[in-house]
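Some structures are shown below for you to check.
Both of the next two complexes hold chain A, though its partner changes from chain B to chain C.
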Partner chain A sequence: MTTTDGVIEAPAFVRRNTFIELNARARAQSLMDPGSWRELVGPFDRIQSPWLAAQNIAPQFDDGCVVLKGKIAGKSVVVIALDGGFQAGSMGEVSGAKMATALDLAAADSEHGKQTAAVLLLETGGVRLQEANLGLAVIAEIISSVLRLRQYAPVITVISGTVGCFGGMSLVAGLSSYVIMTPEARLGLNGAEVIEQESGIDEFESSDRDLIWAIDGGEQRVGMGVADLLVNDDSGEIAAGVRRFLNSEPPRVYRSQQVDLYRERIAALDTSAQIDPHSIREAWGRKEGAR
Partner chain B sequence: MENLEFNYPSANRQVTGRSHVGVAGSGDMELLMQPSETSEAHVSVLTSVNGFGHAWKAVMDRFFSKYDGAVRIEINDAGATPGIVMLRLEQAVEALGK
Partner chain C sequence: MSGQPRVRGREWFQALTGVNAPMEQDPASVLTADAKLGDEVARFLCVVPDPQGRFPCARRGEVGLEEAYTLAHRVREVGTRDADAKKAPIVAIVDVKSQAYGRREETAAIFLAAAAAGDAYATARMEGHPLIALVVGHAISGGFLTHGYQANRILAFDDAGVVIHAMHKEAAARITLRSVADLERIGHEILPMSYDVKDFAKLGVLSHILHVENPDVPSPATVAQVRQALIASIADARSGSTDLVNRIESAGALEWRKAGQAARTLMKEQWEAAQ
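Showing the complex of A and B:
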């Protein structure tokens, strides 16, 4: 694209301030007021997984979990970012304990009158299988911490991609006050490869990217009402979305409290023919009174 | 897993600051760099790929033939190639100065 004075100008998608290409620490920092944050249990504290090296896997100094305490638009927050580049952002004993403890500290502050919200940047395949039951246990702890904090302050989940949010951590996303996604992001309980492995290629073909994104992708998840806001992969858009929800009232009813509604919806599905993603959006999409 | 240690007495210039670069993901590595507690540079590598001690020594020798800072370096390696190792070392030095 050339402007009238001959200067070559890159198209908008090149000029955008990408969020996905930032690492976990930079993602968290990009959302926060400059100079307001400090890192809790950072890499120089060297709290690593004690289990990975025993299984011939390199550990990471921050165990793939970055915790920054600071402010967004003047409001007290803790931003917890998972590093999708390390073991697919999986939750082990250390990374899980860091997240659960940070959420508990925010809840304790909130209970004592200093409202502290949480922003979770989830890029994770869920439980770290190498840490087995400890991984499962920390997911339970994180869930109970989210349920405690969300009574006092918003818990905002951002799934930007490209790992997506799966397994036990998809439950954490589901319990959040608000969920922000990009079209590149995916959200699901089981990942495509797990479904194909367990139920066969006829059930879900894990190499069919169009199919996977049509079902797990951000557009579909927001369209069917299990996530709240679709934004482009742009740091400014994501930061604006986070600020909007920080200033919002808590949801009138959480999705996790609408068990009967979702049971009715599932019971009403006609499984005699293949259900397509579009019809789910039509049937389940945000309507008056849904939330 | 293999643990490798290297010392470079010639790298004795005092440095300040600290840096953290890289990720312990496949084909890459993570590195912490900070001032050494002694008057020489010390490198500690934890790698998931066994049997490449000579390659690590060659890369470190080359790096410290040009760099003289008394730094303490700790590496978590998930199979970085020598080129990536050198790149991460240089990146850490650059970040140290900031």
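Showing the complex of A and C:
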């Protein structure tokens, strides 16, 4: 691409400031007002999983959960980023306790007049199977904490990729006030591999990446109205999306409360064959004036 | 009804409510009834297998799309009804294999259906409804998150047929590339991986573990025993907070979740310091 003064400019996708290539800590930091934040229960505190070492798996000093308390555009916020690079962002005793407690503290501050929102950067496969029952227990606790905070302040989930948001943590996305996704991101309860293992390759061929993204991908999830905003893998676009929702009024009715609407939609599905992702997007997609 | 598979969830639902049919317009896989419990009326809910269900991957007692939205609807109904009245107890009878593992389910965003059920249950609890989960059989993974795990008191039968876990054995073995025998051995060494309900009880999440004579077939004596336990749990829930703090501060949690406790304590200290 050549500009009028003859300087060759790279195409837009090259000029983007990638978010996906940042690690969890840098992602969280990139969203916050410079100098406004502190990391809580960080790697120097060395609270790590006691269960991984017992199974000869290297633990990590932050247990894969980064908590920053500070400001975004002057508003009090806690940003909680899961590290998809550590045990696929899975939730264990410690990472789960960090997340649930930070949400509870934000709710307590909000209840006492200091509104504190949460931004959740969810790159996670769900329960950490090496801590199985404690992983599921902490996810139940996080769900409860999100619902408590959501009464007072926005809970904004960002799924940028490339791990995606799966398992029990997909419920956390489902409960959030707003969900931002990139086209590289995925959101679903069960990953394709798990479905193939449980229900057979005829049900879901997990090597079919096109099919996976057609169902779980950001474009589809936003297109069918179960997530709110599609942005490019660009730190500026993601930060702008977060600020937009921080300044928005809460949804009139949360998606997870639109039970009658979705019950009717499920009743209307033809289940005699697999459901075409395009047709569901047509049927469910946001109509003019909604949300 | 004949020809239905005998499953504990259905047996106990029927024994406690006298009902064995879904409410009008509900799928056959979700049973809901309002029934006497002590001197009040409680809403009971249970997910059961429906071999003729519309969704092929949700016919064996899994929690799928219809089940999750029906649970959400029937739980929210209690909240609307009791908005200005005494909050009725809600009892989730839990015997769920798992969530439904199907492509139809993923395409139609089962994560949102599960969230809607979790929302309904947790909201009812936060509004002051005593919410009790009675685990009579399996309580596994997303199935449990959708149905029961938001309860402020969880009771489970002390019985080998009760399995509370993040993933059923065969799937966990396949995904972690271990044999089922290996997984069972590891479960004895790593407490949170155990499939034994006695080990689960140590973690402090359960409020009560109940020894019931022959849990496959409820008898007048065992039904009376379970009713008493439910009534006591309801009173206990009403006297406590509406969050899940009882699980986090239980004796079991203090013993077996020390690292989590340390993270919680330090998070609170550093949060205050960062004001």
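By our rule, the second predicted complex is superposed on the first by the 276 of 291 C-alpha atoms of A that agree within 3 Å, B and C clash if a C-alpha of one lies under 4 Å from a C-alpha of the other, contacts with A are read in each partner's own complex, and residues count from 1 in each chain.
Everything below uses one rule, namely that a contact is a pair of C-beta atoms (placed from the backbone, for glycine too) under 8 Å apart; a residue touches a chain by one contact, two chains touch by 3 or more.
Computed from a prediction, not measured in an experiment: that's the story for all the values here.
Using the contact criterion defined above for the overlaid structures, shared-chain residue A:85 touches chain B, although it does not reach chain C. Judged by the touch definition given at the top, the superposed model places A:230 against neither chain B nor chain C. Once chain A of one complex is fitted onto chain A of the other, the partner contacts of A:60 are limited to chain B, with no touch recorded for chain C. In the superposition on chain A, A:171 makes contact with chain C only, not with chain B.
Residue contacts after overlaying the shared chain place A:117 against neither chain B nor chain C. Counting the residues of chain A that each partner touches, chain B and chain C differ, and the larger count belongs to C. In the superposition on chain A, A:43 contacts chain B only, with no contact to chain C. Of the two partner chains placed around the shared chain by superposition, chain C is the only one that A:254 touches, whereas chain B remains out of contact. When the two complexes are overlaid on their common chain A, residue A:103 makes contact with neither chain B nor chain C.
Residues 48 of chain A lie in contact with chain B in one complex and with chain C in the other.
Residues of chain B touching chain A in their complex: 1, 18, 20, 23-25, 28-30, 32, 34, 46-48, 74, 76-78. Here chain A touches chain C in the complex through residues 38, 40-41, 45, 47-51, 54-55, 63, 67, 69, 93-94, 96-98, 101-102, 105, 127, 129-141, 143-144, 147-148, 167-168, 170-175, 187-190, 193-195, 197-199, 203-204, 215-216, 221, 224, 226, 254-260, 262-263, 265-267, 269, 271, 274-275, 277, 280, going by the rule given at the top. For chain A in complex with chain B, the residues that touch the partner chain are 23, 42-44, 46, 48, 53, 56-61, 83, 85-87. Put simply, chain C touches chain A in their complex at residues 54-57, 65-66, 69-70, 72-73, 76, 99, 101-116, 118-120, 122-123, 126, 141-142, 144-145, 149-150, 164-167, 171-172, 174-176, 186, 189-190, 192-194, 200, 203, 205, 243-244, 247-248, 257-264, 266-268, 270-271, 274.
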